[in-house]
Each structure stands twice: as C-alpha cells, then as structure tokens.
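What follows is a set of notes on a single structure, which appears directly below.
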C-alpha cells in the first residue's frame, strides 16, 4: 500500500531484490557516522553492477564501513561516482586518470542542496559556490539583482540507502547527533528508499516532534546488523 | 558578542528599540499557531511605520492574535504586504484595489522556499508552481533538461519576529507541533531576529538533537506574555 | 435531492471512491475533507496538512486539544500514531516534490485542458492561493471537487477558464454533483454520471464538449 | 625556530588573534583547529563543524564517546551546552547563507586578488573540495593558515594562482610563518611580520608585490 504502509520492515532477501544493474544509488553518511553499513555490505554481496554512486565520501580503508562500496568501485561495478571528498579513497584518482571511472566532484553544500532540490521539486538553484572555478564550467551564469550566480541542477536517484539511529516500522526515523547529515535529504530524493536502523520500534512510540525522516520518504526498513 | 552570546533575553523596551521606520518585517506563524503575538502587539505599540510585512496570512479578526498587525495595515503603517493567504483579512482587497496597499501574493510553498533561499545564500530557484499564471508573469522561464520552470528570487528582511514553544537563553528553540511552520526559516532570513517563547530555560537544558531554531539565528529572546 | 447538505455529501462520497488504500493526500477544507468520512472499509488514507503535519487525525476532543496542533483549516486536531510534524519548507518540499499521491481541492472554474482557477474572482473575492498552487503543481493526482454550476446556473467546467489561473493543465479528475470527468489527451471524458441527472442535462450545463463512448453504458456515480 | 611543531603552533597562535569573542566559526582540520588552543582569556568562539553541529566541543574522553557525534575531521567530540545538530542541507545553509563570522582553512596557493587553491594538485593530489568551496564562498571572513612556501621553498602567495581554484577573490587574510597579509583593493598588505624574519626575506619568498607603509613600523606577529 505504498508510502503509508504501517509495516515496512523487510528481510535481507527482500532488500537484495531491489538492487538492479544500472541503478543510481545515493548513500547517506559523513565519514564514519550515519553510514548504512549493513546495506552497503548487502549491496556488495548482490550481483548489481553498472551502478552510479552518489555520496559525500567513500573511504577505501580495509574493513571500514565504506569498504564494501570502495571495493565495488575497485572491481569496476560502480563506473560513475558523484562525490564531494575523495581524500579517504586512494583508488579514485588513479582510476579516474586511467579513464576507468567517471568522477563528478561536487562541493559538499552543493551536493546537499542538489539532492534536496531533487527531493523537493526544485528545478535548479543559483549559487556562488565555486563560481568561476572548474565547478562552474559549462553551467549558465545568471545575474540576479546585480549579483552573479550560476545554475546547479537537481540530483535524484533510483535507490537511496540511508541510516537512522531509531525508526518505527512505518519508516519514521530519528538520526541522533551528526548522523542526520545526508540521510534526511537523500531519503526523499530516490524512487525507492531503504532505511536501516540500529533500533526498530512500534508505530506510535516516537514523538511526532522529533522525526528527522518522515515515513512517507521510506519504502523499506531493515535492521542494522551488529558491527556495521 | 553577537550570535553566540550566552544570554540574549531582553526586555520589552529593548525589543521596541529594534522597530524602525521603513523596515521589512517577517512574522512567523500559520493561522493561529506559531504566531509571535506578544511581539506583534509590541510592534503595534511602537511608532514604527512605512513597514513591509512578510507573512503567510494575517487575519483582521478583532482581538485575534494577528489583530495588532492587521490594525497597522488598516492604519496605513504597513504600506506593503507580501503574503500567501488573504481570505482571513477582509481589509486587504479593498485597500489594494483603492491603491492604498502594495500587495505581493505568493504561493505558500514559494513563500517558504524564497525565505529559505534568502536565509541560506541561494540566489534564486526554479519552480513550476504557478507557471504560466499571473504568478510567473515577468519572471524568466528557464528550461532544464527539457522541462520548463521559472525563476523565483530569495526573500530577506530587516527584522524577523518568530515564536517558539520553548527556548534557552541563548536562543536555541523548540517549536512544538505545527508551530514550526515559517518560524524555522524566517529566523535565519533576517538581519535581526527576535524570538518570543512560551517558556525560557537555562542553556544546556534542551536536547541538542531537538533544536528547531539554532541559537545563531536569534539575536534577542523575549518572554511571551500571557494571552498571546 | 435536497440542495446543500446532500450535494456536498454526494460529491464527497464520490471523491472517496477515487482515494486508494494507503494514499498520502492533502485535502482542501470542506467537501474534500468530508470525503474521508466515506472511505470504504479497509481503505485508509494518510493525510498531510500543508501547515506542517503528516498523519493528521480527527478533530481533537475537548480534553485532547493541543493548542499548537492544527490542520490547514485551523481545526485543533490530533496527530495519529506514525504521524510527524515539520516546517513549511519541508511541508511544501513534500508537496512540490511529488510525494503526495493525490490532492482534492475546490474550484471556481476548470477547463478541458485541465487548467484550474480557484484563487481569485476579480472584483469579488481575492483569497490568495495559500497552498493551492503548490498542491496542484506537485501532487501526482489532482482531483477537483465542486458543484457543476455556479449559484446562477452558469457552467464551471469550460472550454477555457476566464478567471486568473491557479495552474496550467494539471487537473486530472473533476467530481461534481452531475458527473465524474477524467482529463484525456482529447479532452474531458465522462467517467461516471449522477443517477439523478441525464446525459442531456449534463451536456447542457457543461461549457465544453465531453467525450463518452456508448451513452447508454456510462457508469453511474454512487448515491 | 624548530621546524614543524613550532611553525604550526606559531601560525595557530597568530590565527587565534584574529578570532573575536563570540565569533561563530568553522575551522579546517590541523592548524586552523589548533588555533582554539591559543585564544586569549575571555575569548570564546562557537564552532560549527560542517557535518552538522554547532557548539562543537573538545575531543570526547573515553567514557564520553558518543559514536554518532563527530566533527568534520571524524574526531569523536562532545557537544557543548547550547549546541545543536542538524542535517547537511541546513549545515551548508548556515555556511552559504553568511551565518559564520569566519572560517580558517589551509591552502596550496593564494594570490593577490584573494583567489584560493586548495582542492586539487594535478598529478599529485585530488582530495576534492569537501566543504571548502562552500566555506570560502559563504563565511563573512576567510582566513588562510599555511606555511609561507612549499616544501621546496617555492612561494605559495602568488600574483596569480596556477592551480585549479577553490574560490574567486574571497580570501581576506593570510596567516603564515612569515607574515599576516590582509587583502586590500590595491593588493596584499603586510598587517604583521614574524619576529624571526626580515622584510627582505618575506618579500623574497612571496610571489607577488606586498604593500606596507613604513618598513620600520610593521607590527610584529606574536611569538
């Protein structure tokens, strides 16, 4: 029954069914916090390939929470990456220079705002961030009231993988501390959103004032596995 | 010491000092909820005139929470109003038709998004809301990936008057229920923001996860008076 | 059929047939909201109010009233389990971003191209669009609930709206006291007709051509 | 002066003199963050970390660690009283919207027009801009903290940046181990000089002209 279903809690097998070749995949998290580590591992265990990854950063530290995604990039299963911060993944530069990887580098706030625009029906927005640098090359410059800006376009995805500290079965979610980051804006920006939560509670147990991700942005809820 | 001052709680006299002729004033609230009724009354008691009012709606029901503002419009002290919903103020249409009032009518979501853009350094955004209606007249049509949008510009103000259910002395604020509405986005969109709260607590008593208005958006905190 | 109450109920009942189980909807004040009283058993919809709440429940009883919790019509309501509250930027992000399955709104005029006029009657009424322009631009399905003609008997379904537009070609379905009309690329099609009227009467009181297949097999609206 | 540690401390100390009481700031990892250790008594700054926190406190003690609470350098920190957390859209709204009094960042190159390069060293390093482009576009005051020359002794303060730019004309102040330079409409002006260097040495190791009034009365940086 869609976005208002009262129980969206599903199994690993049902989540794996959603991973399709050719999908664009948004992944929440900043560094080690708010990262859907269980879903990333499941994604790497699926056969999905020809993926586009949209995320803030993606460390290739072995055993790290981003490692399943980094190893998929290394293996050529993610030929396109749209990302803000590359320093923690030493594979990206050489693969990009060798023509093995399409890399779109996006300032972090512009990445967030483009995702929000995609989520919220904004056709594009005017910014000064990166104007007259490589970032603005090829993008239209538009003057508003004597100030120069350039146009950035919205970003959407086929799938969003997001992480919450606590969620109810319907998908309402609370992201504690700095784990809100990209999770709150990616959840509404994808055609299908899977949320993993450290703790899943019954509907009605969360305070309606404290919801960071409203249930209607979430299609599926899974339990985080320990150690991710 | 500016936006990070640990105690911004001030008196009525100090708030009145901020009301200057010619200011643009954003006022939070939707219908009767989240309206800074005490600040509206103080504004009407000040001598300020030639004001621009930016708000979602402004009922002229006598004794109602918006009445101080509505009576200022009626008295000619607010010659310009930017607003979404007029039905609850029967003065606006005749005054506008008689040329006594400059009225900018803005779709509610566009009003919210223009204020957010003003608050958050966005130079403008592309929308379809009201395209090819009176709302889009004179605004540039911009095509993105084959879809037609038009450009809406940011809105800022000299002063924002906002309301919270609970605030700490520094200005961190919690807006319960449907009182978040325009308060969270107007607070950062003005040069000087005055927040009135039903309850004021010591710094450190609010949960950092639950703040709807971060303190740095607030310049002054006042106690709501009873009955407003 | 008795005027007023019954017409409103009749329209609301037929709007209810268009709302599917699990729909996330935003309903205008009046007939649109009334529709939720007529949802069939087993059908529930999840209601957004544009002032900042999802899971908008019924009117609060005296002892349940939370003064900070209202719907877009300013009624004190309760928030249902699984509901949540948010600010206007997010609320209209939900609306504009296509996260609503449907919206139901009233209208002054609708035309065969799906244009809608409901925010401005020059010289008479200037309510402002409120959230209506955002809703009709953003919701996946736009349903109009209105009486088929004005108080003076003039058609409100037209070849071309004459009043200032609320939206351009976004109306999907029109539910009136005479018919349910669906917009198609060719024009408005009669999806159902009121049991208390005739095709002739309907066509006579409509300001544009209507499409229908076999005049004798047009489905009936529910009474 | 001993290399490394002392140069970092010297720069950090002098950056600290530019941070006023009550400033809301976002500080890059390394020397910028180190500056908070040298704030004079009575001066406190309120720190934003762009990953979503205001009131970013010191590193958490073992028993205080909250795994969901980090700063932009991924250190587990505590949130100070009066702090709050938010998502990336709001965090960069704060940054881009001009709500920060200052940001302090490192650089590969800065030029006399206030252009900055710090995100891409072709063939060597491609860290990506992260939040740096947003910070230097949005903060009211942009302070660069860096060594005056590269490891090979080449000037990093130039007539014109040769590396890909991070921002266009937004740098206000440059703090190095040799000088504090302020951008003026006419070019970079020496606001202070290191006590352990000479004007001649400074000019020699700078890739553009510097402005100064009386060479004998240039203020000294603090040691």
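Every chain is named by a letter (A, B, C and D) in the order it is written, and numbering of its residues begins at 1.
The working rule: a residue touches a chain if its C-beta (ideal position, glycine included) is under 8 Å from a C-beta of that chain, and two chains touch if they have at least 3 such contacts.
Predicted model only: the values in this text are computed from it and were never measured.
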Item to check | Steps needed, at minimum, to go from chain C to chain D via contacts | outcome: 2
Checklist entry - Does A-D or B-D have the larger number of C-beta pairs in contact? => result A-D
Checklist outcome for this item: Per the C-alpha means, the centres of chain B and chain C lie apart by a whole-Å value of 30
Item to check | Distance between chain centroids, defined by C-alpha means - chain A, chain C (Å) | outcome: 35
Checklist entry - Residues of chain B that touch two or more other chains: which are they? => result 113, 116, 121-122, 127-128, 176-177, 208-209
Checklist outcome for this item: The positions of chain C in contact with two or more other chains are 53, 79, 85-86, 92-93, 95-96, 137-138
Checklist outcome for this item: Inter-chain touches occur between A-B, A-C, A-D, B-C, B-D
Item to check | Footprint of chain D on chain A - complex, ascending | outcome: 30-34, 56-57, 83-87, 92-93, 96, 105, 107-113, 115-116, 127-135, 165, 175-185, 212
Item to check | chain C-facing residues of chain A, complex | outcome: 1-6, 116, 119-122, 168, 170, 172, 188, 203-204, 206, 208-209, 211, 214-217
Checklist outcome for this item: chain B contacts chain A in the complex at 113, 117, 121-128, 142, 144-145, 147, 149, 151, 153, 174, 176-177, 208-210
Checklist entry - What does chain C use to touch chain B in their complex? => result 49-53, 66-70, 72, 74, 79, 85-89, 91-93, 95-96, 120, 125-134, 137-138, 164-168
Checklist outcome for this item: The residues of chain C that touch chain A in their complex are 21-24, 44-46, 53-55, 79, 81-86, 90, 92-99, 101, 137-138
